[in-house]
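Two complexes are shown next, each including chain A; its partner changes from chain B in the first to chain C in the second.
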Partner chain A sequence: MNAPVRISPLFDVQAPLARNWTTRERMQVVARFGADEATKRASAGIGDLSFLHRTGVKGAGAAAWLNAQGIDTPAQPNSFLQMADGTLVARLGLTEYLIEDAPGGTRAAALMAQPPGERVYPVPRFDAALVLTGTQIPELLRQTCAFDFSTLAAPALVMTSMVGVGVTALTLDSADGPVVRLWCDGTWGGYLWLTLVEVAGDLGGGAVGVEA
Partner chain B sequence: MKLMTCPVNGTRPVSEFVYWGEIRPMPDPDACSDDEWAAYVFNRNGAPGVKKEWWCHTPSNTWFIAERDTEKDFVLRTYLFGDDR
Partner chain C sequence: MKRLPAMPDEWIDRNTVVRFRFEGSAFEGLAGDSISSALWAAGQRALGRSFKYHRVRGILSAANHDVNVMLQDGPRLNTRGDVTALRDGMDLTAVNTFGGVANDRARVLGLFARFLPVGFYYKAFHSKRLFPTWERMFRRITGLGVLDFNTPHVRTPKRYDFCDVLVIGAGPSGLSAALAAADAGANVVIVDENAHAGGSGLFQLGGDAARREHTRQLLQRVRAHTRIRLLEGTCAGAYYADNWVPLIDAERMTKMRAAAVVVASGAFEQPAVFRNNDLPGVMNGSAMQRLIYRYAVLPAQRSVVLAANADGYRVALDVLAAGGDVAAVLDLRADVPASPQLDALRSRGVELLTGHAVYEAHADGRGALAGVTVCRVDAAGKVVAGSQRRIDCDGLAMSTGWSPAANLLYQAGTRMRFDDGLQQFVPDVLPQGVFACGRVNGAYRIESRIADGRRAGAAAAAHAGFPSAIDAVIQPEITQESESPSHAWPIVAHPDGKNFVDFDEDLQVKDFENAVQEGYDNIELMKRFSTVGMGPSQGKHSNMTALRILARLTGKSPQQVGTTTARPFFHPVPLSHLAGRGFSPQRQSPLHGRHARLGAVFMQAGAWERPAYYAVEGRTATDCVRAEVARVRSAIGLIDVGTLGKLEVRGPQAAEFLNRVYTGRYDNMKVGSTRYAVMCDESGVLADEGVVARVADDVFYFTTTSSGSATVYRELSRLNTEWRLDCGLVNLTGAYSAMNLAGPASRAVLATLTDMDLSSAAFPYLAVRSGHVAGVPVRMMRVGFVGEWGYEIHVPAEYGPVLWDLLMKAGEASGIGAFGVEAQRLLRLEKGHLIVSQDTDGLTHPFEVGMDWAVKLDKPFFTGQRSLKIIKKLPLKRKLVGFMLPASHMGQVPQECHLIIDGGDIVGRVTSISWSPNVGRHIGLAFVPPEMTAPGTALSIRVTDGTMVPAEVCTTPFFDPTDARQKEAT
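This part shows the complex of A and B:
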């Protein structure tokens, strides 16, 4: 029962570069791309978190329905919160929400198993989800995106266009420096990933696997 | 870089937006004359001036209305549908 049954939207572009594979949340994901991933991660690492379970809801009744399911909702559009169990809840518009489980979480699946309430519309999400880490990330963002991330005080959620792809970006501060989460439509994910990896390569970074 | 201000997401490069044409109120097809209906279907107003247009911020799929001076290419204001005051 532990065979991978999910496939990352980035599989086709990652397969030629991958060294080892592993399984996370029943999705086949790249464990390692190369030997020097710790260096890349500290400089400009591009990681794939598409294996996390996520779902969306929208509609005028979405916030009340999510609250009834035990999910906190951010008060403002274009903001997010992290629940105590690690579940990420992002408010993408006036009435649209993205819920992403922490590793091992089951809230997204539980939500999708519920019949939606009145004026609640499920939004299945098949995003490519990336994470950018390292000291060169501000430079990477400057080269790939017209939006000026330096005007944002992390943590912040912003929807913008990166190398021509519409993305939802979430900036976080961590002990290791800036961290940026990106979600984009899965069909664009390969192009976005390849482009970011190429730019990151010029900055001393590159693709990193989930075990790095 | 040209800028456009989305009412929800703020000022962004215009490359994040798509333009969906002037807002053109539809005449009642049962009540209007054939000429009025044909003008609505086939004719577009190309004269420069201040126009209300549909625009969309594509990363967030936010549709809104921009009042734009098409002669000077200057955006006077933007607002969500229903927020016209």
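This part shows the complex of A and C:
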């Protein structure tokens, strides 16, 4: 039997606004929401990267086990690294890790297929994964989160609450301005996405598809 | 529209005329005007009416405290005229009048003042029977403004902001503080409620332009400083813990978090108290100066100044500098210290009357000030008989004292002390991270305010981690004043009263005397009885005077009397600002969209939105639910149970962990089996329940209630940390979707999608199996919450919708349909299964609900065990039982929480009830006393209208008592 299609946790809230669909990593995702996405992306663009494969592990043996599987681990809690193949490894606490594949990557699936080692506890992750871009993102964060992101020198990782939802946030700098990655439990994802898109709308931004 | 020649720091734009209407008449003002300044410039003196006696009122403070000049501005009500910027096209009417300001019919109330003493309302309208009548009447004659329910929603998004040092108040001391802190390296935000910064430094000049230069230079530096953000038109409305200060501007509320806070909020000038001190034209001295220097409006042609400090003399000089006449300066003090201001006034030929007060103010035919009667007062403030004399004037400036704007300091927990020399409360002990400077700190001279600001700014910066060379300790000379800025008794008695202390509530001196006489002789009681300080200005111009009166009447010092607490927000804030954008987190199952497409009517279940039932056109909700129930019983149904908490514990001591948190035993479970689980708290109260599945020797997957998942995970994580067992806990609630395929056809339908062995031998009741369904990896449990052969299927969330679709498709031929929470509740009720928090409450223990079998008291330990051992020895007080209504029942049907009555006493309550199509009766669960649990016992249930409905205790389950539906058909 063919592997089934994956559904984004944001599918239900995105469907009414979607203009075109496409497929990424066997997940149906929105290619485009509208014609002015470049403008929105430059101001306060909200994109969905839930299609990227990811997994997690936690426990006292997690770091050693990940290293044995060929996964580098950040030295400090609340930090992250990007491996040469683009795999993102975030250390969420003393002993918890999030591993997210780059597009086309297979490390997450490989890890989940391995029997966990001693004191290693697999954490399957089917998060809503968002990316925020544009010059108005600092203002959007000010309206939605009590954490002072300006105290972080990008790149940085922080776990906080945004519009009442627990999120893991990663700030990056890019040539086009600040970029923030967000992960949250997928069942809160629809609410988070809708709220951020509404706030972004006030700031000249909004939802952007993966092809924008 | 008369204006003075251009003032150096005026707020108005003389090139932009603004046209507006007030009380039906057309007016013109200038951009930058406040409503009041434009009206005053146009010669309008009656700007509003007072709340109680409907007396004509004009400008009092021009500082955001003129609560008798509140206006209806279209949908905006209670717009404050003294500070609200004029807009073109405004159509304004004064609130709280009957027929307008000029001819307010309610002014007749003033004639009955003697019959409306303090506490009148408490004494006259306490009858419960008549209260609705009085309430309607008072709602008609009181109230401030008209609420337009069609007002469009105004979006006011809130935001967070952060800084090292927040300075509140941008007068000379605040500006100095901001600069000192920023120079030390701190990022500073300085806010001022006024439209423009500078504070009194730009309008209390005494005709001396040099005083202005201090502030201008400070302001210039602040504006240029890269580490300072100046927010004008922004009010710091409250102080909360950890230096959290909400900042209110015209658009929104900003939640500012600062490492340190400097309060440089200044002081409120206090009106003197004498007969008719409320006539338009009588105003605070600082109000006159604001009119002159901010709006270029001459407050009056001929003024009298009532002074008790140097500020009063500066007012007189400012009036003269603006081209007005000063008929006289009265000073409450018998001895006035020498000063350049005094000399300047003498040289201008202004009459100076020391030891004098205003005895009474007189109105002209329109109710505005026409003159004052002055009198001599002795050292105790008593009028010297026969000393009265009239002076004609159309303006009276009151400059007799100040009250610190210490509201935020009180909220921060500052201990204040009354300084007899200053006649003012000043900070005694400030909380960590909070600093005060300027007038609120007792520093009044411009030099001392600047020095105090520098000190406080440096101290705040140091607290925030930016030390500097500036001495952060208060030096005595900073707050040493050559004279007291406030008079101890700026109050003149008058036999005919109308000497107002509180302009919000029209409280007169005699009201306080009466209150004390009636025993309300401490500040808290007096406040509540007299309502002083409870109006819109919250006592900013009345509390200090009321305190002085109370102190004198009770023979106490102001320190002994103390002050009341200014609660957040100390200044009114639009509700739209407080509401802001609504953030109400909603949790949706991965199958939410599927439910919506099927017509689900959603209900809130904790944070989740769950389908209550699936609507079918032309059917009632009840019919829809019954159809869903019938489908499950006769064919097959599918329900989303993904909202259940889903946890996994893994490790050598995973079983031990579960043994400790649940009342049952889990170390003896076989791999591949499931077991019901009951969780209690330390007191033995039933806290949660679920199913534990052993999927490997060292791996248990278990569920919690939907509403309890977050709490249970948090508590179990805490316990795991505390116990240090060799196991790890993972929350999979959001990561897994789950659905229950139930009904006689469930196995056959499922078999079309999987090659797993579904025979009862290979997959018996209460077993758990892992495998694939339609290529999707699953964990399946054969559980029977709804009393049918069924499979609870747990899958990765991203595959949930696909599997749902496949199951619905596969079940089409068997008549499959989705069923919601309401059908599930009925199905489980037929089986007699309880729902935690519906059929239990915050005191229910397992023995009351027949779960003795699930409590293994012989285990070494589990949470709540000690309490349950004690409870077990005590007689039961109540027990959950099943009951039925008679088959012939036709009347009202009891509802959940209706009471069971026996002999006139409440003996129990219904926890669940529903019509059961399969039983053919209303069935339910109820708590009853132990002596009423025998099947066949008659119950009497009282419904809402008092009718008693008979019922009968019966055994459970109501349906399929032998669980035949879980067994292979023979």
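Please note the rule applied: the second predicted complex is superposed on the first by the 208 of 212 C-alpha atoms of A that agree within 3 Å, B and C clash if a C-alpha of one lies under 4 Å from a C-alpha of the other, contacts with A are read in each partner's own complex, and residues count from 1 in each chain.
Here is the rule we go by: a residue touches a chain if its C-beta (ideal position, glycine included) is under 8 Å from a C-beta of that chain, and two chains touch if they have at least 3 such contacts.
Predicted, not measured: the structure shown is a model, and the values here were computed from it.
Peer 1: Can you tell me whether chain B or chain C touches more residues on chain A?
Peer 2: Counting contacted residues of chain A, the larger count belongs to C.
Peer 1: After lining up the shared chain so the two structures overlap, which partner does A:16 touch, if you call chain B first and chain C second: first, second, both or neither?
Peer 2: Neither partner.
Peer 1: Once the structures are superposed on A, label A:199 by its partner contacts, choosing first (chain B), second (chain C), both or neither.
Peer 2: second
Peer 1: Does the superposition put A:168 against chain B (first), chain C (second), both, or neither?
Peer 2: In the superposition, A:168 touches chain B alone.
Peer 1: So, A:146: does it touch chain B (first), chain C (second), both, or neither?
Peer 2: Both partners, chain B and chain C.
Peer 1: Counting only touches as set out at the top, which of chain B and chain C does A:119 meet: first, second, both, neither?
Peer 2: Once the two structures are laid over each other on A, A:119 reaches chain C alone.
Peer 1: Determine, under the contact definition given at the top, whether A:190 touches first (chain B), second (chain C), both, or neither.
Peer 2: Only chain C is touched by A:190; chain B is not.
Peer 1: Taking the superposition on A as described, I'd like to know which of chain B and chain C A:27 touches: first, second, both or neither.
Peer 2: After superposition on chain A, A:27 lies in contact with chain C alone.
Peer 1: Which partner chains sit in contact with A:7 here, chain B, chain C, both or neither? Use first/second/both/neither.
Peer 2: A:7 contacts chain C only, not chain B.
Peer 1: Take the contacts of chain A with chain B and those with chain C, and give the residues found in both.
Peer 2: 146, 164
Peer 1: Could you pull out which chain C residues touch chain A in their complex?
Peer 2: Residue list for chain C touching chain A: 155, 157-162, 255, 257, 581, 583-590, 592-593, 596, 608, 642, 648, 650-651, 726, 728-730, 732-736, 772, 774-776, 796-803.
Peer 1: Within the complex, which stretch of chain A touches chain C?
Peer 2: 1-9, 11-12, 15, 27, 58-59, 116, 119, 121-126, 139, 142-143, 145-146, 148, 150-151, 163-165, 185-188, 190-191, 195, 198-199, 202
Peer 1: Of all residues in chain A, which touch chain B in the complex?
Peer 2: 77-78, 92-94, 146-147, 158-161, 164, 166-168
Peer 1: Spell out the part of chain B that touches chain A in their complex, as residue ranges.
Peer 2: Residue list for chain B touching chain A: 1, 8-9, 12-13, 15-16, 57-62.
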